[in-house]
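You will see chain A twice below: alongside chain B first, and alongside chain C after that.
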Partner chain A sequence: MEQVSTSINTASTVQSRRIKHPTWRHLIPYLLIAPTLIFVGLFTIYPTIRTFEQSLYQPGMNVRNERGQRVQQPDTFVGLQNYADLFIPQTPPHPIVGGFLQILSNTIVFAVASVGITLPLSFGMALLMNRAIRGRALWRFSLFYPVLLPLIGGASMWAFLYGNSGGLINTVLRSLNIPTQDWLNTPDLVLWSVIVVNIWKQAGFYMIFYLAGLQSIPKDIYEAAALDGASYFQQLFTITIPLLRRTTLFLLVIASTYAFQTVEQLDVLNKGMPANRANLLLWYIYQMYPSSQARGYVNAISMVLVVILFTFTFINFAFFERRSADE
Partner chain B sequence: MNKRNGWSVLADIITVILSLIWVAPLFFALLISIRPTSDPLGTGNIFFGRTITLENYQRALELAPWQWHYLTSILVVVGVLVVQLITITMAGYAFARMKFWGRNALLFILLIQLMIPSGVLVVQNLNIMRQINLFDTRWALMMPYWGSVFGVLLMRQTFREIPPELEEAARIDGANLFQILRFVYIPLSIPTYVAFALVSVSARWNEFLWPAMVTRTAESRPVTTGLSQLFSATEAGTNYGQLMAGTILVVAPLVVLFIFFQRRFIESFASSGLK
Partner chain C sequence: MQKLVSRFGLLLVLIGVLCVAPFTQAQSRVQIDFYWASAVEGNLPAIFQGYADQFMAENPNIQINVVYSGSYTQTRETIRAEGFDPVVDVAIMLATDLSTFITDSPIVMLNPFVDAAGGEVFLADFFPAFIANGLDAEGNVWSIPFQRSTPILYYNADLLRENNLDVPKNNEELIAVAQALTTPERAGLLLPIAGTFPIWIYQSFAAAYGRPLVDSGLDTVYFDTPESLAAIEFMTRVGLPIEEGGFGVGPRGGSAWGETPTAFVSGKAAMIYHTTGSLTSILQNVANSENPFEVGVAFLPSGPAGEDGTGYGAPTGGGNLYIFDNESTPKTEAELEAAWQWVMFLSSPEIQSDWGAKTGYIAARYSAWEIEPLASLVVEYPQYAVARDQLEFAVKEFDAYRSVDIQNIINLQLSKIISGEVPLDQAADALAEAQAQIDQLLAPFKGN
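Presenting the complex of A and B:
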């Protein structure tokens, strides 16, 4: 008891000593955080506010006045008109952002298909890699290495596989007398060709999380189930998959977030062509930003992406960071 | 028992087939890159050409100013990493071990960086770079990444696991804050630093969209833009030998790095997803 009160006394002395020199000592933590805070403020928070602000304006035209000089008219505030132009279909299609709804729908198909195919595949890969198999490191390397490649580099390898005349897939099909496909120029096919690249690139990444999850499940659960006569597949569906629910939920969030941001493959595959059928939102922004007349729209589309991504990452944070903060 | 073996063999076969499919793009990229242009795929053996040649690499090297691209990529990777290591150590320590007014509020503000990826803010960040006259410079490729909230959280977590008694002992010996970080926290966190470095290096080496927007001249452009340039060069156009030679030039450094650090790479990517 006495010891406790002594330590409280010591603590209060430290406290009072600290109050005597409040100025520079109290500044230290803020100085330590300042660099990070400045960069986050300058390159994340400020641009987000500016994006929102500019999404409410139409840029002024560059016109000639009576004396024939070029003058820049001021931007006009249009409220949510830019968003209305994006989301409300018009006939004829809007001259600048007429393709938006098509591209938004591509992006959603791209995200849903990538995530919906990649996650079960990654889970299957993790099951395969979690067994005793000769040369496991080599097989794991084979499945994981695309994660590390620049997306544009991985996609360029696929550009060769997909190539219409000199490409590998069509060459093989031709030698087997199977009809060839123009993988990157057939409107109904092209988005799926892009999705395949994304699956190949990311499956190994999610596999790692499932592997870690599998290894965290205690072995004796399986032993008990085996004693009760449960088959491998019964164990899979009643033990493994339910116990990995959290991992799946987590991967669902990060895979969706990732899918909305991956567009660099389009640079070497097909630039979003033909007819915007493989175009994705972020690539659309990249194509439009040099046009000064599209400025309001570019910012409005950016805001749409910000809201989508913010929602996913907020879910991620609410579910998972909170949990790890509690630990 | 017999049945179990049957399933095992089947699973082994699937593993091998899946791995072969996954390696195929890299494998065939390598093969076509050393195959002479005069001996295209359709003329015979799809695996090997009649001879092996490096002419594709020579042509690919001539079609883009790679020496500048490599220099820029290396400078950017190093320039980002060095600053990040300093900023994440400072902020990570503050959030792990110091109590101060507004700590949680500040942490929450920083978390916005994880919620709004800089990838979607490219247009406004481009405006900022024009305003501060850094458009088309290597600085523009580095600065947006100097503050890494993911790194701060990683270091905060790592520092918290270090026993506070070590710090107190150092303090009693008269160590100042810099010395405490230098001799207590940093040496005990090397594995986390290595993991962070691997993720940071591969992210910057692989980046394309931002460099393509914010740089114009060859001197300030990284390797990924060189590959893009190769694809739009009419001569390379659909000359897959040259295109794949360029691709190998861009991806090789990371594949080699991966072979050296394989285990650590996989672990660090697992923890990087936890941001």
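Presenting the complex of A and C:
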């Protein structure tokens, strides 16, 4: 023990000798994190502050005067009015953001349904893929490959499956004499059609996390449980699921964050229509962006999204980062 | 060593000369940055570069820098982001972007150039329906037609012949023919009104019912009118089964834009409404399909607005040529003149004829149809001439101040009614609500 402390002392003496000036020693950690800090500041914190600031303004209108010259009116400070327009319903609905509450609720349904279905599915897939079955590598790959496909490519494939007159699903249904559906053009169906694509795309990815989790559980626990006469399902509910709790919580946060960032599929799958029933927050912003007068609202909705995503990040930090620091 | 240094020095001088040379040459030439956007397929970059080379050979003092700027939307955003001092000098952008550019970008009013080119005589060679979107309410010219289109009726001529049916000329005949040709496997009529952009096809029905969505001004939109309501009811009933008061000839909610020509080519639809821009690909795909048939093309059938034929109506579509100034360093007369020369070249009968034949866009000038290659193409495929002749009845495409916001409102409300989210008996209220929203947006522009 004494020996160890002596060697530590020696080491610190050497270190202090090398860096003579104490200020330098204090500066080094800051210098080391400076590049990251600069990038985060420049590309995350500063834009967020600017977005918030801009969300408090209504853009000035450009109009031409009698001589045909353009006159630009200055932006007007409106306080939290843009947020009020988003959240307080009006009659007639607000001309630009009248649909916001519907789209927020679409997004929440989309996130809850996507996560609620994808995680159990991924877990089930991981359980199957963790067993010694023939052609396991091929099965694993088949379940994982949607993750590898570019999102737009995958969505285009689904657009073909969902097609009304020539789509594969309807062609199969027709040949079986089952009534067909217009999957992307029926108001009550379209959001679910998009959710299915999201599940297909994500399930394989989350399966990998569960597989890793399953393989990290020591075998002897199961052997002990089996000796005590625990059935497969007893083992599943008392050993596997509790021990994968942290994986599940982590995936819950990741999957929810991802669900709120969905946009590419919508571009291919009927662009949020019909009747905005499949429109989600990011696509809504994207649609509004070309309007020069909607800037204030685009920024306000972006802030709402930032708050939602920050909440997930915060949960992630509070539950995982701190715990792993404690452990 | 000294030799090495002197060689190195020589090299530096050479590099210097090489760097400066293009500038000295360029300074004597007027530079035109030309952005083009397109919505059709084909080897367009090569065609545009060919035009530019031809133009530069004729005008050695002008340099055309051809820039493909993406889709119409991407190009508009690029130009808007460039603000009041844009890099772009000449651009092909949607004819309906006029209202946006009038307020957001320093586009150049073309009256003096048009006057110098012959004024009314010059404009008279263009189809009036294509000129309409380039004018403001006072008749000032802001853009020149380049790549234009309009919706037309495509029909399976073999099917009509086998069933002894005539080509429908009005809405009643349209539905009668469609009902006669509808089977469980085949739609009688497909309207591409599902999805985000029902407003284009809707405008043809609004015109056929007698009240086009817009007139010559940019500050008024006529959405909540009896004609508009009747037009929307008609479009919706095309997709409703007979038991629900519909015509029972197509899928509920209409069909998707891209899926419509595919269904027609594969025999799953007897008739469709679609853009003239699809004519070339439909003719080719039908010829190459397993069951080729004769593709018929006709005017969109007329509505009740005029039994004398005035109830025909279709909006125009496509892109025009705009010239951009720079507010902090205004363009010199020579620069503006060079830009105008390039616009004149692209809109010339020769280029219009060539471009129309290569892409399927409707050549925008009467005289372009009399010269090669378009003249022979029309003899071989008379279908191309139908689109041209319908232009006599075509109307200005929707454009207004706040056009992006207003289009979002109209498309959403149309989608709600067509898809059945809002039942037909509540459609009138939906239109009134949308009109109130639109009027709220246009209020600041009234009287401007």
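Everything that follows uses one rule, which is that the second predicted complex is superposed on the first by the 277 of 327 C-alpha atoms of A that agree within 3 Å, B and C clash if a C-alpha of one lies under 4 Å from a C-alpha of the other, contacts with A are read in each partner's own complex, and residues count from 1 in each chain.
Just so it is clear, a contact is a pair of C-beta atoms (placed from the backbone, for glycine too) under 8 Å apart; a residue touches a chain by one contact, two chains touch by 3 or more.
All figures in this text were calculated on a predicted structure; none of them were measured in a lab.
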- Considering only touches as defined above, state whether A:V40 meets chain B (first), chain C (second), both or neither. first
- Task: Return first, second, both or neither, reflecting whether A:S165 touches chain B, chain C, both chains, or no partner chain.
- Result: both
- Query: In the superposed arrangement, which partner chain does A:L32 touch: chain B (first), chain C (second), both, or neither?
  - Reply: first
- Report for A:Q293: first if it touches chain B alone, second if chain C alone, otherwise both or neither. second
- Message: Under the stated touch criterion, which partner chain does A:T23 make contact with: chain B (first), chain C (second), both, or neither?
- Response: neither
- Message: Between chain B and chain C, whom does A:N177 touch in the aligned arrangement: first, second, both, or neither?
- Response: neither
- chain B or chain C: which reaches more residues on chain A? B
- Message: By the touch definition above, which chain A residues appear in both interfaces, chain B in one complex and chain C in the other?
- Response: 163, 165-166, 289
- Item | Complex contact set, residues of chain C against chain A | 73, 76-77, 80, 84, 100, 102-104, 106, 109, 140, 187, 194-196, 251-256, 259, 262-263, 266, 268-269, 327, 402, 404-405, 408-409, 411-412, 415-416, 418-422, 433-434, 436-438, 440-441, 444-445, 448
- Task: Can you check the complex and tell me which residues of chain A touch chain B?
- Result: 26, 28-30, 32-33, 35-40, 42-48, 50-51, 54, 125, 128-129, 131, 133, 137-154, 156-161, 163, 165-168, 171-172, 174-175, 200, 203-205, 208-209, 212, 232, 250, 254, 257, 261, 263-264, 267-268, 282, 285-286, 289, 298-299, 302, 305-306, 309-310, 313-314, 317, 320-321, 324
- Query: Tell me, which parts of chain A touch chain C in their complex?
  - Reply: 61-64, 68, 70, 72, 92-96, 98-99, 163-166, 182, 184-187, 270-277, 287-294
- Residues of chain B defined as touching chain A within the complex: 4, 7-8, 11-12, 14-16, 18-20, 22-26, 28-29, 32, 40-42, 46, 86-88, 90-91, 93-95, 98, 100, 103, 106, 109-128, 143-144, 146-149, 152, 177, 202, 205-209, 212-213, 223-224, 227-228, 231, 238, 240, 243-244, 246-247, 250-251, 254-255, 257-259, 262, 265-266, 269-270, 273-274
